[in-house]
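Next come two complexes, and both contain chain A; in the first it sits with chain B, in the second with chain C.
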Partner chain A sequence: MSWLLALPIIVPFVTAIFVFLLRKKGAAGRWLSVLGCSVLLIAAGSLMAATWRDGVVAAQMGGWPAPFGITLVADLLSAVMVLITAITGLAVAVFAIADIDARRESLGYHALFQILLAGVCGAFLTGDIFNLYVWFEVMLIASFGLLVLGGDKAQMDGGIKYVTLNLVSTVMFLTGIALLYGLTGTLNMADLHGAVQQVENQGLLSVVAVIFMIAFGVKAAVFPLFFWLPASYHTPPVAVSAVFAGLLTKVGVYALIRTFTLIFNHDIAYTHNILLAVAALTMITGVLGAAAQNEFRKILSFHIVSQIGYMILGLALYTPLALVGAVFYLVHHIIVKANLFLVSGVAKRLTGSFELSAIGGLYKSSPLLAVLFLIPAFSLAGFPPLSGFWAKFLLVKASLEIEAYLIAAVALVVGLLTIFSMTKIWAEVFWKPHPEEISPELSMIDGRTRLALLLPVFALAALTVTIGLFPEPFVMFAERSAGQLLDPAVYVQAVLGVTR
Partner chain B sequence: MNSLILSAATRILVGLMLLFSVYMLIRGHNEPGGGFIGGLLATIGIVLYAISHGVAAAREALRLDPLSIAMGGLGMALFAGIMAVFFNDAFFSGQWAFPFAEGDDKGFPISTVLLFDIGVYLVVVGAVLSIVLGLEEEV
Partner chain C sequence: MEILLSLLIGLLVAASVYLMLARNVLRFLFGLVLLSNAANLIIFVAGRLTPEAPSLVPEGYSAPPELVANALPQALVLTAIVIGFGLFAFALVLVYRGYQSLGTLDSDVMRVAEPLAEKASSPKAELEVKGL
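For the complex of A and B:
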């Protein structure tokens, strides 16, 4: 079992070493990166199968028993996040074949990308809160490298904002860990679940909870800590920003869900009400911010913020149905968001810019791309029968169930405003004629490059449609996963009950 | 920097620092120290050399690209962890060999733990140097 859990971390690291050696060899490095992601997908799939069969699986690295050693643990939420990381990673690795230039490759794009994947998988799989911090650092270093790689001025500007604010968050996180360790004397998350209940000063525990909330809040880009995200995500190449958009903020959301279901559920009326207000404000500011933008990727970046609000909403309501919605939303959002960024990359390829005013005419000349944009865009806005509809439906239903009418109304209105932004992109990029009167056709790109660009977009869109048309198995999965989150006893038993 | 005192002192200090970093690395096995702190010490030595003799000279003295050093170290550390698979242990379980062991005497114990620590040492040296030297060159 130990190797099953470790493989999603080992595979990207090993791949990183070899693609780094091949960084000046061009094609070989690219294909090795794709191969590494495929192996990661297989490893993640087997982990998924094991968690589906056994519930929660855990292993102690190096054979030191919990709570002293390094624990890796996967419940259904971790497993599905690792699986979706592998899927997104594979899609972006294929896209990168056509998107990343030789200079960035020779500087080590593929190696950094693989290290980023290892960091993300590590964060999802660790059972120890200090190790979570370490994986955050791994992610931060790799993502900073990717952000500034091949650095033009805009990239440096975005990179500095990104790394500064994320460092502040990391310091907060570390402070929180230190305080928590002082209070309880343990850092193993399963062990913490029991230990926090014996802390005498429950007020101090709430303070620590809020520190964690701020630290993860910066990572997840919630209101009012989100401003680094729209400032940096539109600067690097698309193959970088797509993986950032899909995965990085979601690690913050995952960390919030994990800590605020497993550790900090001592005073739900206090902590989860803050989260509820944050969720509502995040949804609203994100979508309003997007309405004010006129650059393809900036609009999408603000929508990440707004969508994060929905996931936090699911956590904040803290009912079984709401958590089902949150898990479902996480999975759906990663696929859709990464895909929209990839589409923006293809559109830039064809029309020459990300500025909405400078491009256009794609509907007439490349109808296939128009359809491939509509699927994730409508899904993001929550149109039936796409995946976003079910995700929003679950969350709104959960709010109505506990008679939180205001928050349900906010969720619906934000959905409506999302359509407004998507319509803006649609009208500007696809419908209106190109200002320079060129007709950007897909056939302008040569065959193999076109395949590398469109295949991942197509695969992710197909996944969105599949989730939309056959939501039942996915909802059932989310239900089981939410059940595990609400009843941490199984998780604790799995971690502390095994000896190696 | 053009300072005779600094460059003369550096010639001695760099050697001492590198030596001390290796001592720290090996001492870390049973006492405070280890790959991370050893790597930082070695980095300080090389950065000192870069300040007094210039970044180009420091890169030449390294012979290898700092990032390659880091990746090599990552490879060693991972290899040390993966060794456990051959002995049917959990990932990262330390594997030991005791050549020349006789009775109670443990002989000359060597382990994958040390290999891991050397890997960490190289990762720290490579990663920190690629950042610091990169920043020095910008200016």
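For the complex of A and C:
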């Protein structure tokens, strides 16, 4: 059982070593990276099956019993996040075959990419709060490398902002861990669940909770801590920004959900109300920021921010249905957002730019790409019957159920404004003729490159449609997962072996 | 001892915030180093200080016979120092590379990735671009 939990971390690390050795060999390294992601997908799939069967799976590393050793633990939320990481990883690894140039490859793109996946999986699977910090660092250092790899001017500029602001957040995280340890004397998250209830000064606990909120808020890119994201995500190659857009901020959201359901639920009226206000402001600022942009990937970057608001909303409402919505939204969003970035990469390849004013004409010349854009774009905006509709439906219904009409209205209006941005991209990139009157056709790219570019887009779009048309099993899954989040007893039992 | 260390931490944080509010990225980085050292000290203090009781187990024992210092915060601090050192080394090189390619350390002038809609034409900004 412990192998099942360790494999999603070990596989990308081992792959990273070998692709690093093969970095100057071209094709060999590329295919090994794809192979590594496929093995990761299998490992994540079997972990998913195990958690679906047994509820929560836990293993003590090195044989040290919890809460003294480091625990790896997967409940349904962790397992689905690892699975979706593997899916995104595989899609981007295939896309990277065509997208990453030989220079970046020889600098070690694939190795950094695999280490990033290992860091993300580790963060999802660890049951120890200090170990979570270490995985955050693994993920961060790999993302730093990926972001500035190649050293373009814009990349250095975006990189400096990304690196500095994220470093501040890690120091905040570390401070929070120190204070939490000082209050409770433990670092194991399941043990913390019981230990925080015995803390005498609950006011101090709220202070620590807010420090964690800020630390994870920077990672998750919530208002007003998101400025590093739109400053940097549009600078690296698409195969980098797609995996960033899909996964990195969601690790922050995951950490928020984990800590604010398992550890900091002592004063929900205080902490979760802050989260609610943050969620509303994040949604609004993100979508308005996107409306002001005129560059394909910058629009998408601001939409990441706005969509993060929806997930935080699910956590902040803290009802069973709202958490179902949050889990569903996480899964839906990773697929859709990574896909939109991949589409922007194909559009750039065909038309030569990300600037909306400099491109156009894709609807006429490449209708297939237009359809592949429409699916994730409409899903993002929440059109039925795509996955985004159900995600938004669950959250809006959850807020109406507890009569939070204002927040429901905000969620709906932001959805409407999302359509505005998506139609802007549609009109500028696809509908209007290309300003230089070229008609870029997909057939201009040679066969194998075209396949590598379109296959991941197609697969992710198919996944979106599947979730949209058959939402029931996915909602059922999210319900079980939300049940585990709201009642951590099973989680604690699995890690510590005793009920608290 | 705890009070003394707490005051020191406060001083470090104050100095680091002052440095981090500067527009010069290098100053920001020095502020960050101070802040991460302050965080390390917080871990140390949070683990409670037990002076003159090294956490060693004498030969023949399986557990220390009397009260010893908490060893866990030391392990945590050691990990945090190593990670912080690595990240800081990377950040320094990044800022140096950024200075080489962007020609400035002023975060207000770094606008290659996010150009202003209309080129800012204040003479001050232009001087700073030239590094004056």
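The rule is short, and it goes like this: the second predicted complex is superposed on the first by the 497 of 500 C-alpha atoms of A that agree within 3 Å, B and C clash if a C-alpha of one lies under 4 Å from a C-alpha of the other, contacts with A are read in each partner's own complex, and residues count from 1 in each chain.
We adopt the following convention: contacts are C-beta pairs under 8 Å (C-beta built on N, C-alpha and C of every residue); 3 or more make two chains touch, one makes a residue touch a chain.
A quick note: this is a predicted structure, and the numbers were derived from the prediction, not measured.
Undergrad: In the overlaid three-chain picture, which partner chain does A:A291 touch, first (chain B) or second (chain C), both, or neither?
TA: neither
Undergrad: Give the label of whichever partner, chain B or chain C, reaches more residues of chain A.
TA: Tallying touched residues of chain A, the top partner is C.
Undergrad: Considering only touches as defined above, state whether A:I10 meets chain B (first), chain C (second), both or neither.
TA: So A:I10 only meets chain B here.
Undergrad: After superposition on the shared chain, which partner residues are touched by A:S2: those of chain B (first), chain C (second), both, or neither?
TA: first
Undergrad: So, A:V199: does it touch chain B (first), chain C (second), both, or neither?
TA: The answer is neither, since A:V199 touches no partner chain.
Undergrad: Let me test your reading of the model: by the given contact rule, A:L21 touches which partner, first (chain B), second (chain C), both or neither?
TA: A:L21: touches chain B, not chain C.
Undergrad: Which of the two partners, first being chain B and second being chain C, lies in contact with A:G63: first, second, both, or neither?
TA: first
Undergrad: From the superposed pair, tell me which chain A residues show up as contacts to chain B and also as contacts to chain C.
TA: 141
Undergrad: Residues of chain B touching chain A in their complex?
TA: 67-68, 71, 74-75, 78, 81-82, 85, 89-94, 127
Undergrad: Any idea which chain A residues touch chain C in the complex?
TA: Its residues touching chain C are 130, 133-134, 137, 140-141, 144, 148, 151, 153-161, 163-164, 167-168, 170-171, 174-175, 177-179, 181-182, 230-232, 234-235.
Undergrad: Looking at the complex, which residues from chain C come into contact with chain A?
TA: The contact residues of chain C facing chain A are 20, 25, 28-29, 32, 35-36, 38-40, 42-43, 45-48, 73, 76, 79-80, 83, 86-87, 90-91, 94-95, 97-98, 101-102, 107, 110-114.
Undergrad: Where on chain A is chain B touching in the complex?
TA: 2-3, 6, 10, 13-14, 16-17, 20-21, 59-63, 70, 108, 111, 141, 500
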